[in-house]
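Shared chain: subunit A. Partners: subunit B in the first complex, subunit C in the second.
Here is the complex of A and B:
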């Protein structure tokens, strides 16, 4: 009997929402938007994958060419040009052999690609100081980077609440206004059950839409998403979206429980959206940049320049030496495993090494500051469900700030390994061998562990669900006290 | 059996009901008269648990409404002054929904049509959207909903408002039938003639108090009219 009443209301609501065209209209519009967003994402990520693939192809081709050239040099059938010499460790450790360090796109990447747009997803790693390739672009407080592109995360975080409002701003007030509430409550039916059933049909339809369309699109058009790990991530994604949707339904219940007019409800709901989705994130940004100011880029640039000038002075003699290639072309060829690295490239290497060492403190401060900002955002993001969920969705899509920091750390490690490999060869003038090419450090991306991702996510899910419980709790508590007349 | 025992209801400083005691036994039609704002609807709302009494208690078949409103609501059917329905659905669809809520059972189309006909709504109108109905037609759907519930008690708040004379008299016959089945009926009305015609008991309310509680048999039409006007003037 109890369950039956619930389903009666549920089915009846469906009939009314279809008859008055609310459901078809809202769902069609929402399906179009989220369908467009996921299409956008799939296309975008395909392009990004293709870009990385083509870079890697080029890198492999160049590597093969280098090895080829080295073989010909060693066989004595080629005299290389001065600055593209595969036998010269300074050449290979620099631009000629530099390897690309890149973040692969995650399986769920098309769900949220807004942020990755503004952060490089690959660097060419050479012996040049990191300050010259990693810190030369503007990096801001991570939350700043999250907005701006029409991706699924944007539709969920920003637009879904509005669609939820369109369906439920007059959840109860309409029944009150049109007088049907008296008719309903004269039957054995509680206000709580009535509201639960009314929320269920609405949440059921729009959240199914919000989850099914992107997930189905990914499963069909992005085969990477079909493995076990991705399926777990998709499930976690769905949980997060559901929790977020339920939060806004709970807000609608509160509005309906406290106020009696649909117009007032609409106003209150849009107001809560403006505050929680638009204003609080901006304020949080402001607060974070005041509490933990972004390090000055000008300072970094100035310091780099000073250190560089210093180094130039230190290695002045080496830099001003001649290349001697024109009168001694033999210098371009290795002899008995030795290749005499000229003083200029040697100086260039040492300069970059020194710059790196001297600027390290500043870079560390930069990184610490960035991580500090991130942890502030993580801690205080709780005040807005929009922040919690957007960060969570970006993380699941592999475009979150944590994975980005993870990438930066790996690049730093790889960069250090790369320099370690070349330093003795350049400074001791050892010629590159075929064995060296095989032993050269290669970039291997270490993915974040799923466990780490999930533990981060469950924290977010718990935060959201706690919010849902609090808000819905207040709403239903108030409903119990409100009357039919 | 409907019982209000020494019931008062305050809305802020405004006392809408003042120590009202009233009983409607099975097989009785109790007609409640009184000026606008006398407290008639407030009394009915108490039986429906729409509001809670400030003091005193309201019982249906011996059970306090406040204790278990869900179960007391199973025993009563209610027709408000304005039966409000879902405009985008047809009369029969509205009836189907409310009848199912009321009884927990599904009704066949034939059963629903029979109920509508009994309530006086022509079969041809049953499938029209309620938004196109007149007030009286909606009222008839409300009557059909009450019929479907087959309840032990009826709470009627000016149920015939908007009904044409023929429909109103048919409704009186329905009430008489219900009375004969042993249903307890509490109805408010402004129609003295109708009250005398159908009521077995008549109560007169004034400013929240029940100032007269009479048996209909003991009165003639003119008696009732005089009495009513006397009370109003006092």
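Here is the complex of A and C:
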């Protein structure tokens, strides 16, 4: 019998919401926005995939050309130019053969752009020091970076709460204002049950819409999402979105539990949204940057230069030795497995190596600083569900800060391996062989483990659900106590 | 009469606590933002100024060495942080501040602060400009949504009319009250900001800063006035204060939150910018073909830097190479930056419908933190790089080895280093800024006129009761 009254209210509420056009209007608008966002995401990620594919194609062509050239040189058919010589390890270890290290897009990448429009998704790794290539950035209009992107994460974090408010700011206050609340409560129906039924129909429809549309779009247009791991991720995504939605419904319940006017409720709700979604994250960002400040980039620039100057002085002799190709063109050809690497490229290699070693400590400080900030955000993010979800969605999409740090650490390792491979060849003047080309370090991306991702996510989900329980608890307690009629 | 109305209305803001609570928070936020901005600006400015100075000293102190190696050591140039960035850091977090001017290639301005920040950075940058652009309109909505609708519900509107108060006087009085309400909250901020700007300005450019500050104030005043009249118009038209509030909140959300992102997508769609791969590969291809052509024409050789060219010619070759490169670099970077500017211009004109876009662009421009001024710095830095390059190549040509087989053996001394002037960068003057941003003022004025007209239309002489 009790369950029946719930469904009675539920069905009645559904009919009313459809009849007064609230539900169709809100849902259509929301569907349009989230549909636009996911389309945006899919298009963008396709372009990113295509860009990576094109650099890989170019890299493979380049490699084939290099091997081809080497064969011709060895066969005595070609005398190469000094700075594009496949037999010269200094050339191949530099720009001629440098390999791309890239971070592949995750299955859920179209859901949130995260940091991907700012931090590069690939680097060309050569023997040049990391300071020279790690601080490149993706080409994007800074004005647009400032505006932010219209992705699914934006719709969820910013807009979903507002749509929830639009549906429920006058959950009870409207009934009260129309005088129907008294009538309703004269029936065998508690206020709690009434509110639960009202929230259920609203939450059920809008959250279904919020989850179903992006998930369906991904399953149809992004085949990568159909494997088991991605399905688990999609499920985790849905849990996060649901928890976030429920939080805002709970806030709406609290607002309605006080017998204030609909207008006052709307004001209070928007106020809470402004504080939690707009102000708190920006203030936390500020607090975090004060608590764990970035070392000075100006200092880094100055240090880099000083170290470079030092190196230039150290290898002065090598740098002032001339190329001797003009009188001895034979120097451009390998001989008995040896290739005489000229003094200047040798010096350049050693200079870059030393700069790297000396600047390492400073670079480590930057990495440590960013990790410090991130852990502060993870710890304190709980003060706003918007932060938890924003970070969580970016992480699930594989575009969060953590994954980029993970990527940059792998690039550093790959870079070290690369230099190790070329160091003896350059310094001992060993000619490149075909076997070398086969044995050259290749980039292999190591994905973060699913387990780590899920444990990270479950922490977030638990944080939000705890918030939901607290807020909803207060709301319903207040409803029970109040004479809200 | 208008003053009386404004006074009564203002008293109501004070008495019902709206001014104290909503306004108090706003006031606190603005003053904090200015304090943080001030600290950041003065720190960055001092640090970069010192680094710039040190850098040039190191350049002069170089030992005897080959000029091309000196060019490889290069110079760092640092973008000065303008005093008004205390109020509006603009695109600052998303562009770098440092360029290493080295041989061969134009480099990017590096070290974007946002790259040293977590994902939270993307929620926005905490600054006075952000607060006034985003939150001040909300505050005006909170103060003004029931201006007419509330009086109508209470029945006081009928009474007022029966007293012979003209509806227009009511409109102006209420507008004045809203202006006073928001003004009271902004005054402390304005005072702090003015002090900061005066203290941080270089003495020679005080007038420039002061004028920029005044215009900035004017721009924001127009922006807030637009909000005031839109709020009053909606409040007069709405059937109830609830409807007024909901419509205004919807307008606010679309105006400050939704539309800027949609417009940014749209502008990218209309004027697509290349990805980094495309840009780099197009640039390299063009450079290579132009270089090859120059080598063929000048030296009759098919490949650059090959054994066919005697080392004594390398100085000339360096110069030829560089000069061919300049044109290609200008073309490619110019096209990219033009695209950015077109994207922004399109969004600025969208300010006719979404005023926040117009005021944002204008505010950055006046604060010296917009793209135009960033570009000006990048161009100046590249010019400096070319000065260095040209002086070095010239010297190499003058000292080309008569034996024909030496190039790097030559070493220049301190006299040559001193020929390179220090990088003395002057940020663009207000006149340059206005040339780019007059449209912002025009757009905001047009929108204000439209908002006033709307308010007059919705508050006719015979107000519906």
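The rule is short, and it goes like this: the second predicted complex is superposed on the first by the 469 of 485 C-alpha atoms of A that agree within 3 Å, B and C clash if a C-alpha of one lies under 4 Å from a C-alpha of the other, contacts with A are read in each partner's own complex, and residues count from 1 in each chain.
Assume contacts are C-beta pairs under 8 Å (C-beta built on N, C-alpha and C of every residue); 3 or more make two chains touch, one makes a residue touch a chain.
These numbers come from a predicted model, not from an experiment.
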(Q) According to the stated criteria, A:4 is in contact with first (subunit B), second (subunit C), both, or neither; which is it? (A) first
Q: Check the residue A:40 against both partner chains and state whether it touches subunit B (first), subunit C (second), both, or neither.
A: second
Q: Check whether A:260 is in contact with subunit B, with subunit C, with both or with neither, and answer first, second, both or neither.
A: neither
Q. More residues of subunit A in touch with subunit C or with subunit B?
A. C
Q: In the overlay, answer first, second, both or neither for which of subunit B and subunit C A:323 touches.
A: second
Q: Figure out whether A:409 sits in contact with subunit B (first) or subunit C (second), or with both, or with neither.
A: neither
Q: Considering only touches as defined above, state whether A:270 meets subunit B (first), subunit C (second), both or neither.
A: second
**Q.** subunit B versus subunit C as contact partner of A:65, first or second or both or neither
**A.** neither
Q. Which partner does A:279 reach: the first (subunit B), the second (subunit C), both, or neither?
A. second
Q: List the residues of subunit A that touch subunit B in one complex and subunit C in the other.
A: none
Q) Can you list the residues on subunit A that touch subunit C in the complex? A) 40, 47, 51, 54-55, 58, 81-83, 114-115, 118-120, 122, 135-150, 154, 158-159, 162, 166, 261-263, 266-267, 270-271, 274, 278-279, 281-286, 288-289, 294, 296-302, 304-306, 308-309, 312-313, 316, 319-327, 329, 332, 344, 366, 369-370, 373-374, 377, 386-387, 390-391, 394, 400-401
Q) For subunit B, which residues count as touching subunit A in their complex? A) 45, 48-51, 70-71, 73-74, 76-78, 80, 82-89, 93, 97-98, 100-102, 104, 142, 145, 155
**Q.** Of subunit C, residues touching subunit A in the complex
**A.** 22, 29, 36, 44, 47-48, 51, 54-55, 58, 62-63, 65-66, 69, 72-74, 76, 78, 90-91, 93-98, 100, 108, 110-126, 130, 134-135, 138, 142, 145-146, 241-242, 245-246, 249, 253, 257-258, 260-265, 267-268, 273-279, 281, 303-307, 309-311, 336, 339-340, 343-344, 347, 371, 374, 404-409, 411
Q: Show which residues of subunit A lie in contact with subunit B when the two form their complex.
A: 1, 4-5, 8-9, 12, 15-16, 19-20, 178-180, 182-190, 483-485
